[in-house]
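Right after this note come the structures.
In the two complexes that follow, subunit A is the common piece, with subunit B as its partner first and subunit C second.
== the complex of A and B ==
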């Protein structure tokens, strides 16, 4: 037994060393930076101790951005789950062209972020965009809408665009989970007279739950760290209405020239995500055992 | 050993030294003029320079304005920085602060004697007993419109704020926005708001002793006026950058816009009728003196190596020679204006077909640029904290507090000054 454990350690050692080099070392550097008062890369560095942590934890901007990040994660999780589940259930059926549909659904996910941003920026523009004229012609609105003009519309629009981009990936994961459910169960349920809703509630949902759990953990970590779409579309505006924690960290480091303060926020964000990941994986383990 | 073999051996041994002696000095220039046609024009000039100077090889590496503030200090700290780097005035203090800049006072004085720089362009880089970059070109904000649109609506080109607001109101009809102005928390909004401020008596952000004086009645009045203009701008102005304003004007969705230049998009994406394109100075509160924001773009010399510094100076001198300077400025005709007296008269500048076509507009832009101002760099006083104020777009942020969050202008301006003080620490 001991020999097996030693062998396992030897086998995983290269991967662990690699991770330590590319993740551990930068993290250690971030912690060191957070204890100093570096303003720009290459600038002077004096030791400050915990001052940055005190400043960040007592700053309203940090907690506002953390709150926005939590809403961002929940909003994306809900919308992506609904869209992905609907699509996965459709793609799990057998109909002509299903193979092509399964390939094409991934298209929005493989489009580069910059292209996604350009597409949506111009679709939603009030000058020459396609969406506003359609809304006006349909009588839904009287005049063109500025989707990014108020904090809440900008935030909702960003959640929609980000979900539009990511839901195919989640849908494919769900589809893989659905494929693992034996057809016999549905067959038996049908013979017992269960309708579609009952089959979904009693078979699909419980057996898909483990996949959804894993996706929730991965999705939360990925969503929390989304920076590119937000920065490119709103840069955290208007009036800070879409300034999630990654955006605040970037602004602090590279717009406000407070690298150490940004490193402090990064360390705190990492701790939050690590705490979430540990609790979530333990919960998943426990439910797996049950 | 036979003499012939000895000779061959000696020749072989000497080859590396000979090659070393002939190795040209390689210098890299980073600039943020990314559009392909601008990169191509810069390359043409580099090729011409390299051909005329066999001992020097200049290479360009186009960068992005969005990233350069973070990338340049990191690259320089890692010893991977360029030898020359294009700059705007508020970027230079950042690199000076980390000790990356060398004063080029003597070099600028020498070039000034030869080409006669526009004073304000040099002033923006002159502080702490040094000159920290060589001015290359100027950009000034202007009011753009279509003459036919104004004529049809019976509107005269506005010269006062009152006329400007009235014109925007009249021109806002049939789905057209009378005046396109941004309200994004972004550099473009900093530029347009400051263009209004400097025409409302709020040019100075600092006192002579470096104390912030952003919170004053003139600034408040300027923000109130800007808010008034914004009601005639498209609903998505809060997310606008320069491109959206140009697109709004080109597509005729905006009757007037404030922009450095719209000539390129107007010529390629709109009707391109030079006779119908109007440009005017930004209206002022009382209609008397018309100011505008002006960006004197420059090049910083970063090399610590004497040979590379010499090669860099040679290249910059080459660019400023009237025969080459016009071609350099016309990498984007109508946008980049000369900062030297001989450059303003250069045949190479005025001979470009686009410049010929829009000659009267360009003459107006050059004229407007004479009253150019830049926040934090006025009256010969420069304070390095302007870099953080500009970097965080606090002028634009203050506007958003008014038009998005609904705060009264006086409160927002007071909060803006507090933010400026906070980031200046």
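== the complex of A and C ==
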């Protein structure tokens, strides 16, 4: 027993110490930083107390970004869930080429964001590009659309691009949930004369719901953190219309050199995510038990 | 299993739609990279290239710092993968097999790593790395990438260990094998597909990382592909041919790795992650 403990310690300690040093300690530092007034990394630090929090919480920019982040998370969740569920249902069937499709659907997720950015900047560009000529030819629009030129179209376009990148990943997770539904259930339902829609409603949906719940929590945390795709496509513009919280924090820290203020924002964002994660997992646990 | 013709047709149509949604943008980029400039910006886009040129690739490799970025990215991604695996395999095994005080509490704390915005640690980490002289050096990126890949890797590997039939282990114990021998000789070979999956995950995370690299690396020659290449976007008057060629080259390594061991990755992701 004593020996097992010593061995466990030897095996776990490197990973734990590493995480503590690279993620844990900086997290503590961020909290300390948020209570100080620091502009340059390593520069003089005056203790301020809650001043930064007061300033951030009363700033319009912070709440504008928070609102955008909420819309961002919800928009991505809806679009990705719909796309991913459809893909998962299709890939769960047997048809020629399904194995290849199951592996390669994830292509959008394994390439660097900068590639995703180039793909869509080019496809949606007003000179050259592929989408605009198609839309014009099909008579949907009269002249090429500047997808990134107004705040709302830019934001909607970003949600689409980010969802395009992530939906295959979510779909594969759902596929795993679908795989765990026993085939016998469908057989029995078929013998009882249930049609495809009834089978989906009575078997697939209720048994898949817990997986969907877990994915909603993970997906929310993941999409809240998305920064590079927004930064590289719009840098938060036009007119701050796509400046979600991570973009605002990055700008404040590395363009505005207000490190403490940025740390304050990131601590507040962390609290929001934690609160969401706790409430969400509680709700899931409760519905699991029912 | 019998299905009506209508359902079958619907399935095929849906399948075709999604293949198009994912595949067509990639096809346009890859095929665009060998078109001459006039064809790239032509008013009526062409589905298949009418021209063929390697001029964009020549420019990419001879006229820009792209080869440096590519090499840096490969070094960082491979090192991050190795570091992640070295730390994750023993930890995941201990979390799965060995009983020690605080096991489940620690395990949960590790997963908390994904509940806070990664940008929150960026500012203090820069300070830390500045103190120990790691700013503007590739090892800094390896450390950060491994740290962020580690929690998910441990989580994923643990469920692979859990999938090994208990009888195999028990037989080894009967034969007098020590815990370390069991880990080295039995568990690691048996969870090889899981290790491959985690390896792909770590590689892809490092290959695509942008934010930390953009802050921690200062000199152009040390940039990785995502950061260096996004600098090229702004640096020239948008030269689509060059960008499409660069994008194509950036896709190649991940696609190659994925083609070699990708099937295990997808099944690992789906079967391991939900257990």
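Just so we're on the same page, the second predicted complex is superposed on the first by the 270 of 290 C-alpha atoms of A that agree within 3 Å, B and C clash if a C-alpha of one lies under 4 Å from a C-alpha of the other, contacts with A are read in each partner's own complex, and residues count from 1 in each chain.
Just so we're on the same page, a contact is a pair of C-beta atoms (placed from the backbone, for glycine too) under 8 Å apart; a residue touches a chain by one contact, two chains touch by 3 or more.
Source: prediction; values computed, not measured.
> In the superposition on subunit A, see if there is space for subunit B and subunit C together, and answer fit or clash.
By the criteria stated at the top, subunit C and subunit B clash after superposition.
> Considering only the touch criterion stated at the top, classify A:159 as touching first (subunit B), second (subunit C), both, or neither.
Neither subunit B nor subunit C is touched by A:159.
> Which partner does A:86 contact after superposing on A: first (subunit B), second (subunit C), both, neither?
second
> Output check: A:253 vs subunit B and subunit C. Expected answer is one of first, second, both, neither. What do you get?
In the superposition, A:253 contacts both subunit B and subunit C.
> For A:35, is the partner it touches subunit B (first), subunit C (second), both, or none of the two (neither)?
neither
> Taking the superposition on A as described, I'd like to know which of subunit B and subunit C A:8 touches: first, second, both or neither.
So A:8 only meets subunit C here.
> Quick one: is A:126 in contact with subunit B, with subunit C, with both, or with neither? Answer first, second, both or neither.
Touch partner of A:126: subunit B, not subunit C.
> Comparing subunit C with subunit B, which touches more residues belonging to subunit A?
Ranking subunit B and subunit C by residues of subunit A touched puts C first.
> Who does A:179 touch here: subunit B (first), subunit C (second), both, or neither?
second
> Contacts for A:118 in the overlay, against subunit B (first) and subunit C (second): which applies, first, second, both or neither?
In the superposed model, A:118 contacts subunit C only, not subunit B.
> Once the two structures are fitted together, what part of subunit A is touched by subunit B and by subunit C alike?
Residues 41-42, 121, 125, 127-128, 253-254, which sit in both footprints.
> Considering only the defined contacts, which subunit A positions touch subunit C in the complex?
Within the complex, subunit A contacts subunit C at residues 4-5, 7-12, 14-16, 18-19, 22-23, 25-27, 29-30, 33, 41-42, 86-87, 90, 93-95, 97-99, 101-115, 117-123, 125, 127-130, 133-134, 164, 168, 172-173, 175-177, 179-180, 196, 211, 214, 218, 221-222, 224-225, 227-228, 231-232, 245-246, 249-250, 253-254, 259, 262-263, 266-267, 269-270, 273-274, 277.
> Where on subunit A does subunit B make contact in their complex?
Subunit A residues touching subunit B: 39-43, 121, 124-128, 143-151, 154, 233-239, 241, 251, 253-257.
> Which bits of subunit C are touching subunit A when the two form their complex?
Counting only subunit C, the residues touching subunit A are 1, 7-8, 11-12, 14-15, 18-19, 21-23, 25-26, 28-29, 32, 40-45, 86-88, 90-91, 93-95, 98-101, 103, 106, 110, 113-128, 130-131, 143-144, 146-148, 150-151, 154, 179-180, 200, 204, 207-208, 210-211, 215, 225-226, 229-230, 233, 240, 243-244, 246-247, 250-251, 254-255, 258, 262-263, 265-266, 269-271, 273-274.
> In the complex formed with subunit A, which residues of subunit B make contact?
For subunit B paired with subunit A, touching residues are 69-70, 73-74, 76-77, 94, 97-98, 100, 183-186, 234-239, 244, 247-248, 251, 253-254, 387-388, 391-393, 397, 400-401, 404-405, 423.
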